[in-house]
Structure formats: structure tokens, C-alpha cells
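Labels run A, B, C, D and E following the written order; every chain starts at residue 1.
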Amino acid sequence: MISAQTGVLDQVDGSCKLQCGETTVICSVTGPIEPKARQELPSQLALEVVVRPCKGVPNTREKLLEDQIRGVVTPVLAKYLYPRQLCQICFQILESGEPEDEYNVKELNSCINAAYLALIDSGVALQSSFSSVCVSVLGSNNEILVNPTQEQLIKSDSTHILALEVGSGGKKIQNVLLIESNGDFTEEIMFNVLSRAEKACVEVALELRKAVEDKIKRDFIWKQ
Amino acid sequence: MNTLIAPGDKLDIADKENVVIGPGVYCDPRTQEIRPVNAGFEVIGSTKKNLSIRVDHNSKRYIPAVGDLVVGLITGSFSDSYRVSLASFSSPVTLSYMAFPNASKKNRPSLKVGDLVYARVCKADKELEAEIECVDSTTGKDAGFGLLDGGMVADVSLAFSRELTFNNEYPLLTLLAKNAQFEIAIGINGKVWIKCDDVKSTLACYRSINDCQSHPSAEHKFIISQHFKAVTNSVQ
Amino acid sequence: MNITDRRRILGPSNAKPLVFERLESSEQAAQPPQEKNNENESMYIKNGLVSNANGSSYLELKRGESSEQCTILLSSVYGPRPSRGAFSSKASLSVQFKEVTIEKIPSGELKEICNFLSNIFSAVINLERYPKSGIDIFLSLIKNPITSDEANLEPIIAACVNGITLALADAGIEIFDTVSAGTYKRNVVAFSKNGTEVVGLWKDKEDDTANDILSVIENCRGNYLQNRKGIIEYLIRSKNADI
Amino acid sequence: MTESLELRPITFHPDVLARIAPELSMQRHLSLGLRPSLRSFEEFRNVEISDGGLSFASNADIDRKGNNILGSNVLKCGKTMVVTSITGGIVEENISGSRVDDESTESSNRADRLSRFAQVHPVVEVERGRVGAPTDEEMTLSQRLRDCVLHSGLIPKKALDVAVGIRSTDSEGISSILYPDEEENTISSGLKSRRKWSYVLYAKIQVFSRDGPLFEICWNSLIYALKTTQLPRAFVDERTADLKIPVSMRGRSATFRETFDIICDASKFQPLVLNEENVAFASNFAIIDVDPETELPKDEDEMQVDQGGSVLLADIQGEAEEASVFSTISIISSDAGRLKHFKVIGGGLNASMEHLKKSLNLAKLRASDLSAKSSSGDR
Amino acid sequence: MAKEVEIPAAESKFVIECLRQNLRLDSRKFDEFRSVEIELGDDYGDVTVTMGKTKVHCRISCTITQPYEDRPFEGLFFISTETSPMAGPQFENGNNTGEDEVLCSRIIEKAVRRSGALDVEGLCIVAGSKCWAVRADVHFLNCDGGFIDASCIAVMVGLLHFKKPDVSVSGEQVTIHPVDEREPVPLGVLHVPICVSFSFFNPEDAEENIKGESNSEICIIDATLKEELLRDGTLTVTLNKNREVVQVSKAGGLPMDALTLMECCHKAYKITEAITDQINNVLKADATARNQYAAILSSENARES
């Protein structure tokens, strides 16, 4: 489902190109670097998140994406290790995989996972690992679809994003970083979605870990 | 074999007492919990009293730590110090005019903006600007630091520069030495300065160092010979 | 090239604004702009509604019984707060005016209003008292008494003067006098010192029935005294309530 | 002479403490079973609403020529005041796909959920004593409101269709307007089917006295405003309907059919039809860890207020709460408990299932409270 | 203003010294263009161009809009080149006011849009009221020099690859046919301009720079980032396969004589020819791959019915 490659850009400190179904994003991380005066925080790492859309110019839609990504990444960064420093995280959507006017779940989902790998690639300290999954609920029997296709997505009654902090090599769920649900659903559906998404999140975490292992092997290639 | 580890994993240590934590490991100030913050190989070492733990990982962005030998670029000069860059876009570090051998108020060092220096990090608090010195501060004497004149700088990954510095068995430098005579200064900040007698050899060394980063050590010999062949065969 | 505003949700680019046309015969019967009866004016004041400003005032002006002829203005004062940049021996004053609901006033006129108000209050606020500072006044017009397509600015300007005075008082910023304004036909005159001094005069040229400037001032003064009385009464009342 | 030095604890005024040490202030309050706002943990702020008499729909006296506000709301929640005004526009729709009858369009649209619903275009402005471009908060608020209106299915797309009437003037110069859906349905169906127009709704939301997260307050105000919204009838003038303009340029010439203007009838209005079952209200919650160390010393026999761990706070307000809370929950729920939006953000602590369930329950109760308000608030 | 990449004096001296000895850091010859890699996405008009480490992504999209009043028979065409810190921390997000950024976007604009590479009249649907607006969004992913050359290739491949939905017009009623209903139609591309950038170095001192007597300047093609930062002058030539010079842009820098300019154009033509052929081959291969897929689908459908 997910294919990812780290270290695809060389002008930045960390990068990752991630494809999840029809959605492809590329993420870059630079930091810790010297911030501009207005960005600087006295005791911790400042975070600059930039999302650029596939088509057209960035507007409020991308600002909301940036805000959501920031909400996920901020609690995970070991930000007190780098006071008065800046970390830039940029995303370029290469293929959206969803109608951009109406949805942003697939992009958000891919961005969060790509951010994890790019952060790992950059060596910016993280308190833990995290992963994200996108789920939609379809039809009268409330079928739960993990990482729906565009076709499934637009027919769904509700869409959900779950991002979790995952520990111990993807075996343990430590914390909820983000739940965001939209559409029309009930409490029961939501709790079903959450328990299904939780499992899927762990699976994603294991897949991301493979990309991390790949990266580490490539990092120390001269040792072979 | 060292195990692979990623942030959020459990460290392979039972006892939290007497643990010295190294790079890639973080102790939460509130919970006193020790956890890895980078992805890499878990390295546990033990001395008589202590257990040391670190995560060997590779990255590009250098963060100053006391004792590191670095190659810096002078980017500005003030009334009593130079401003030095250890990596583009990183916060600059300070090199005091007094941190040179035989320094005195009257004897100002003569470095210019754009010059390269080889130096040692002497202060690195994360809240403050780091400082470097070009003198062995214990003896106050020259210790091979100072201006790096001419030559060329190769940008390498941080793990690679550590390998070059600390692993005496790593064959790259030995192999290079068979092809040319050179001066070298390896900065832990991922900057390797190299200088041969002629430009062509320097260029061959520069290309070799860049290339060997992304190839297994078994191929190093071949890579190096190819690069030296290329520069000698090039027509004027 | 990309001149579109990226920071606001604009909606489809080919959308056209709604154009209204009144069809019924009532169109003809639409009341001619009634003679403004100043005596019939009622003023509701409340200070301190905007909690993150240093001072604010809420002003509701009603003319007659009709709620249509109602002006609601919220004025907030931020400052004196430190201003960056070069040293200045007195505070700098800025006035921003915004229509919160209906946007009718052309931007050129908005600028003119801000300029007018800023000139009046530069003379009224003890700016020397606050060196290296900035005092920023934000006016939000929530409800606008519009009778025709064109905005009738005069009651708004008068409300602004009264609103700012109240907000400044609420912020505890030193002013030389309780400045207030009165309107007469299409003229606004702001007075101080019990009506003996004119600090600002806004006269719309379209109106030629009031060419005699002295009579205009005289008429406005009456209205001024009434408005000032309202302001002072409110301030005293709220002061007493505090104690 | 010996001078004795005395150490005295400094007492801060609660406001001052809240500013210099928000977390401590928060914890001190929590240990007393209160919040900095002196509300109890699960207590919401009171909400006052009115339509402000701003829109013409709310006030028959208002001259429609000078007032284009279709719906409005003024909402006060604690100190915060929100003024929402709905305005409109008309846009021509592009016709997609092969022409199909209305009935079959309906059925094919069944699959693509959002194509059945319309959105509003909100612009939120928060007064903060500064001028300049919209802040990130204003931008994300606007976008979230837009997304949630669309996804909640509040406004059926059909509700925004413009049934264009035709004004014809007879020989005596008396004009009359015929609407396609009114009884005397005799208009040439030609015009009706050829082009399709729909209303566009804009929402201008002005916030004063920001005192905590704004999304929920803005949402509720927007819902109230939409409930008051009335759409005007619209028509074209027969005389302009067939206007053609010849144009030639660089050797090429063509006849343009002028894109004629649609005029709104200032005397005829219809209320905006909302999907009543999708009308939902928003509330927010915070989960915060109780730190036993910051508790004030208390008497032995006093009851423990909380058994440690974390507590759920409803309706976040004030600097201390906003600064010291990491986990927030935002819920849009209908009074029947249908959920439209659910967002948990944080990571500060584990949002436990009990807290989530409790917050959903409270959100539902709150929604029925607020929806009762709207019916009584309407005149 | 974002900070710049810092280059030590020793390094710049070294690079110049190498050039004097006919050597480049990355082992290329002076007139050697980096090999171009063109990758097409699943969607029409989704292109990634890689030249060495430089990476540019371009996405073409279209919407229906109203034509400009003074050009009722023409559709709209925009090229957007915005930088982000992804390409390198020296770039600021969305800030296109830097000198280099403006120059870069102007040259691409001139090379592609103003040279009439896209047939804008073909974008007209109903004269004066409806037309297509085509957008090319160029995303700079990684900056190692040669942004202009790479972007131009990316935009042109994108335009050639892109297909817009079919529309039918009857009277004033315009119907857009979704892609799954009717085969989409390609854009009208009239010619394929290719940019080739030259960089000039002055191995002598500054005095020579002004006098320009000995003509000892060194000219290289397709500079990397380091070479771009150190160069003394630049020249961008845009040509197409028909040997038409679309534009020549030389904004200041080292003076050059007409002969050198001619020589540059000749060199550029060879590169233009090679790249144009490459583009055609890539597009042909893509079309064949898609056709195969379509053939399978249609035969299945045929069997079903």
C-alpha cells in the first residue's frame, strides 16, 4: 500500500517521497537551523510547516493542512533539545488522489507519514515514532475502508484520519496525536472506525519501519 | 551485531542508574525516562562503573558538541571575535581572538572573511552560541589548528566524517595516500578539507571522497583509481 | 499574475453579486430622506465590551422608532503600547475603520474618514504624555443606517467621534476634553470646550441648503451638547457603579 | 545589631499568576475543583443569540436596495462576541456530462456524496488590534468552517438552485414576472433548460474579544445565521435575454450572446432550506492532567477533589486554559446525536475512551440546548 | 531575505583553477549537458524532470473560465514558478521577489508563453464567454543549478502530455464530458522551445573583466549550483528544432562578443535537437503503454457485450 524512499533530495537535511495509493507527496526537513527573529522561541525548537498543492497556488486549504500537520508533529519533536532553533518541514503534493476542492484526507494522511520518514532522515530528535491512516465509511452497512481509493472516498458517508504515536517498534500504541472525522456518522461507527484504524496504524508503522531500516543500511553502506 | 532502533523503541538496558547517555538518546527532564530519539544502531558500551548508551545514526545537520574537531568558515569579524559557520544556514559559532596560540590584546589573528579554519569546539550549551578555539586550551599551545590555506572542501554526511576520524581501519585514506600526497583536515561537522600539490590530484581526491560515501568499502579502490585516471587523462 | 487573494476563501470567480430591484409601487412611495430630527435621537452606550482591547465602547444610535435608522458602532482602543522603530517624543495615533457587515463605503471615503478622525483626536489626546508609543483605534461599524444605494456618512462620522471619546475614556488615556460631534443635515461638526471650539468640520458639498456655515455650526452645537451630555452621564453613572 | 531576614511568599493576583505561570494557575484552580473562569469542569458558558436585526429577512423595514445581507446572527459567549452576516451571489454552473434528466442526475449523484451538498464561503476576522493580512488562525478557521459545512451536508445543493423568472413587459408598459415553479407556469421552457444558475453564499464572521478557541463559537453563529437566511427570487428581463453583440477582432468575427444579468426581486423571498437532520452544533473540550504536586496544602479531613489522573473540561476559555491544555476535543453533533465533525488534537496525554464518550454525550446535550435556543431566538 | 549558501574562498579559487585546467567538479566536459531524465505520472500532464541532482516537477491543469475582454478568441495560459525551502533553505516560501527567482520565471515565461508554444486560440470554447484556462505549476524540488533549463523541459513535456476534457457546444449550451465518458483531447502545441544556459567565468583578474581583450573567458554549459554561485556571467538561449531562436537572454555579467554568441547558439542547437528527440520518444513510449492498457480494456468490454 505504501511505498516510500528517503534521502531523495540533497539540498535539505532530510527528505522522503511517499506514495500511498493514488496519492504521492514529497517531504523535506531542514533543521535545526537559525530562525528568523520572528520565528524564534526562547526555550524550544520552532516549526515552520509549508504545504504546496499539486495544482494552483497555496491558499487556506493548505493552511489548514499545515495546521493539522503541525498539531501532529509538535508533540513528537524533542523540541526542548533545540532552543532558539528552527525546523522547516515542506511538503509538495505530486499527486493528490482526491478531489482537492472537497477533501484533504488522503493528502493529510500521506503528509503525516512522509513527515515521519523525512524527520527520521534528517536526524532531528523525535520522542517517538508515529504513523497515520485514512479511513472512510461506505454504504448502508457501514463498511470500513482503510486507505480508500478516490472512487470509494467520494461515495463515503464519512472520512476519518487517525494519527498515533507508536512505540516499541510499532508494537505499542502510546498516544493519540490526531483524530479528525468529517461527514455523517454516529458514535458507534466512530468507535468501530477507531478500533479498526488503530490496527491499520500499527501496520503502517511497521511498513514505515522497513523504510527506516532501508535508510539506515544505506547510510552506513561504506561499512559493508 | 548492533540492533536497529527507532524513536519510541525500548532501549536494551535494564537499569537506569549509572548510565551515560550519548548522542541519539534523550532523558526526559520530567519523567527521567531514557529513550532513543534517532533511528540508527543501538551501541551499548560499558566501562568499569558505567554503562554508556548511544544511537549511531547518520544525518547532515551538525550540532556542536564540546571536543569536536571541526572545519569552519569565517563569515564575519567583530571587535574581539570571528563569526564562524560550521554549516550553511546553521546558527553561527564564535571564535574569540584570544583562542589562538600566543594570543594577546595586541596580537590579533589575521583571518579574513571566506577563510577556512580547523578548530575545536570548546563551549556548546544548547541555549547559547557555541564557541570554538584554535589552540589547545590546556597547554595554551599550537595544536595543529588554524587557517586551512588553499585546497578544497568536500561535504560529507556526519556519520562518514566520524568514520574517517575515528575508525583507523577504514581504508579510504590509506587508499588515497597510495595515489597522491595530501594534507587533510576532517571536520566532524561533515566538512573534509583536502589539499594536494596539484589541482588535479586534489580534484581526484575530492571526487573520490564524495563517491565513496555511497559505495561499500570493497569498491573504494576501484573508484579511486578511476578518478585518478580521469584527471590525468584529461587533455589540457 | 497570481493576484488572487490566497488568504481568504473567495468562492467561484465567475460569481456575480446580487442585484436587487424593487418592483412594487412602494418604490415610488419610499419615504423621502426624512428630515433628521435630532431631538428624537436616542443613544445607548456600553463600555468595555472588547476584552482584549485597552478600552472600548459600544454605541447604538436610534432615530425615531424605526430600527432601520439605527447605527451600531464598536470602537476599541489598543495602547498606548510600545512602538518599534525610531524614537518619537509623542505617541503616534492611527485610526482604522471597517464595515463588519454590509460593505458600502468606497475605500477612498474610508481613508478620508480615518484621516479626519485621526486629525481630530491628535489634537485631543495628550500625545506628549506617551512617548515611544502607539495608540491604535479600531472602529467596527456593525449596523449602518442606509436609506439608499449610497451610504449616508454623516451620522456614522458623528458616531465615530463619540465612540472614540468613550473608548479613550475607557482605556484611561489622557484627553484634554470630552470631544463630541453633532450633525445637521449633511454636516458634522466636532466641538470641544463646551462648544466654544470647533475641532473638526465635515461638510458634504452636495448639500447646498446649508451654505451658511455659522448656522450649520449653531445647529450642530445643539446636537453636540445633547450627545456630550449623554456621554458624560454614562461615564459618571459607570464610575459610580464601580464604586 | 542583628538584622533578621525574613522570607515571605509573594502572593499574586489570580490574573497575574495566570499570565506568568498559566500551568500553575490552572493546576491550582483544578485542585480546588474549579477552573480559572470559576466554572466547574463540565460547565459551558452561557450563549446569547440574536439576529441583530441586520438582514432584510429579519426586518421588513430594511430597504433591500441598500442591504444585501441575506441572514445574520450576533452571538455572545462569555466575553466573546461574534457577528455573522450572510451575503450572496449568483453563479452559472457548468454542465457536466451528457445531458440527463433531472431524475437520473439525482440517482447518479447518490453515489458521489458531496455533489448533493453546497458550501458557504466564510471569511473569519478576529479583531486583535493589528492591521494586516489574515492570520493563520483566521485562515484555518475559515477553511475548517467551509469544510465542515460541506461535509456535514447541511445545505442541499438544490436549495441554492435559482429558478429564474422572466420579466415581460406588455404593450401598456406594465411588467410582470413569471416564475417557472409558480402556478401560471407558461414560460417557454427553452430558457429554463438551457443554462443553470445557483446562489453562492458568503459568510462574513467578525470576532471581538477572543478568549479561547474560536472554531466552535464561529460554527454555532454561522449555523444560527444560516437558519435565518432568506434567498430572493431572481429573474431576467425578457428584453435583455436575447441580446447579441457582434464582435470582430483581427480578421475574426463572431456574435456573442451577452451574459445577461440576473436581477433579484427585492420583494419576494424564500427561506434557505436546510437539511434539518444535519443541523448540528459545536462544542469543545480539553483533557488535562491533574498534577498533585501543585496542589495547595489542605486540611486532612478535606475530601480529595479528584482521584488524580486527568479531567475533562468543557468549553475552553481564557489564557490559562488555552496555554496549559495540550489535548483538545472538538465535536459537532446534532441534538439527536448524529456526528458531523470530530477532532482530537494533542498528544499531550492519552485521550482515554471514557473521556471521549463523556465528551460526546455532553456535546449532544449541548447541541439540544443550543438548538432549542435557535427556535426560541427566532422571531 | 533568506540567507545564501556559504562558499569558502578556497573553494571558489579551486573551482576556477580546475576550469582553467579544463576540469569540472562533476567530471563533465564544458559543453556537456547533464543527462535528462523525464518521468511521467499516471495523470496527464504530470512530469518530473531530473538533471543530475536538480529535480523539477510540473503539473498542468485546466479549468473553464471567461476570456479576457480584449482577447475574446483566446484561452488563458499561466505558468507559475514559486519556490519553497524544499529546493534548498536559501529559498523562501512563496517569495518570488528575489532577483534570481524573477529572472527565472521571466525567462520561462518568455520561452514558453510568449513564444506562442501553446495555441491559446485552441482553448476558446465560446468566443467571448467561455474558454479554457491552462495552468502550468512548476515545483522546484531540488536545486543544483539549471532550474531554467529543467523547468522549460518540464513545462513543455507537460503541455505535450496533457489532455483536457472534451467539450461540446450547441448554441450557448456547453457540455463538459468527463474523462471516463469521452476520450480527452490534447493541447495544441505549436513548437517545442528548449532553453540552454551558458555560464561564463573570468579566470583573469577583474581588470580583464572590463577590458575583455584577451577573450580568455571560460564558457560552460548547464552549470551546477556551485558553478552558478561562482560564475561571472550567464546567457540563456532558447531554440526549437526548427532552428528558430526563440529568445536570447543575457542579463549583464561578463561581456561577450558576437562570435561567442553564435558559437553558443550552435552548441545549443545540438542539445535542443537531442532533448526534443528524447521528449518525443518518452511521449511515444507513454502513449504506447497507455494504448496497450486501453486495448485490453476495450477487448474485455467487447467480450462482455
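Brief remarks follow.
By definition in this document, a residue touches a chain if its C-beta (ideal position, glycine included) is under 8 Å from a C-beta of that chain, and two chains touch if they have at least 3 such contacts.
Keep in mind it's a predicted model, so treat the numbers as computed, not measured.
Steps from chain B to chain D, taking the shortest chain of touch contacts, total 2.
Identification of common neighbours of chain B and chain E yields A.
Between A-C and A-B, more contacting C-beta pairs join the chains of A-B.
Among the chains, the centre nearest to the mean of all shown protein C-alpha atoms is found for A.
Comparing mean CA positions across the assembly, the chain most remote from chain B is C. If each chain is reduced to the centroid of its CA atoms, chain D and chain E end up 44 Å from each other. Centre to centre, using the average C-alpha position, chain C and chain D are separated by 29 Å.
Taking each chain's centre as the average of its CA atoms, chain B and chain C sit 65 Å apart. In chain B, the residues that touch at least two other chains are 89. Residue positions of chain C with contacts to 2 or more other chains are 2, 7-9, 14. Residues of chain E in contact with at least two other chains: 3, 80, 89. Chain pairs recorded as touching, per the definition above, are A-B, A-C, A-D, A-E, B-E, C-D, C-E, D-E.
Residue ranges of chain D in contact with chain C, taken from their complex: 52-54, 59, 61-69, 72, 74, 79, 81, 83, 85, 87-92, 121-123, 127-131, 133-134, 138-139, 142-143, 146, 175, 177, 200, 202, 204, 206, 208-211, 232, 234, 261-267.
Residues of chain B touching chain E in their complex: 73, 75, 85, 88-89, 112, 114-116, 148-153, 193, 199-200, 202-203, 206-207, 230-231, 234-236.
If you check the complex, the residues on chain C that touch chain D are 7-12, 14-24, 30, 49-53, 66-68, 70, 74, 76, 78, 96, 100-102, 104, 136, 138, 140, 142-143, 146-149. Within the complex formed with chain C, the chain A residues making contact are 57-60, 63.
For chain E in complex with chain A, the residues that touch the partner chain are 3, 41-43, 46, 48, 53, 55, 57, 59, 61, 80, 82, 84-89, 93-94, 135, 137, 139, 141-144, 225.
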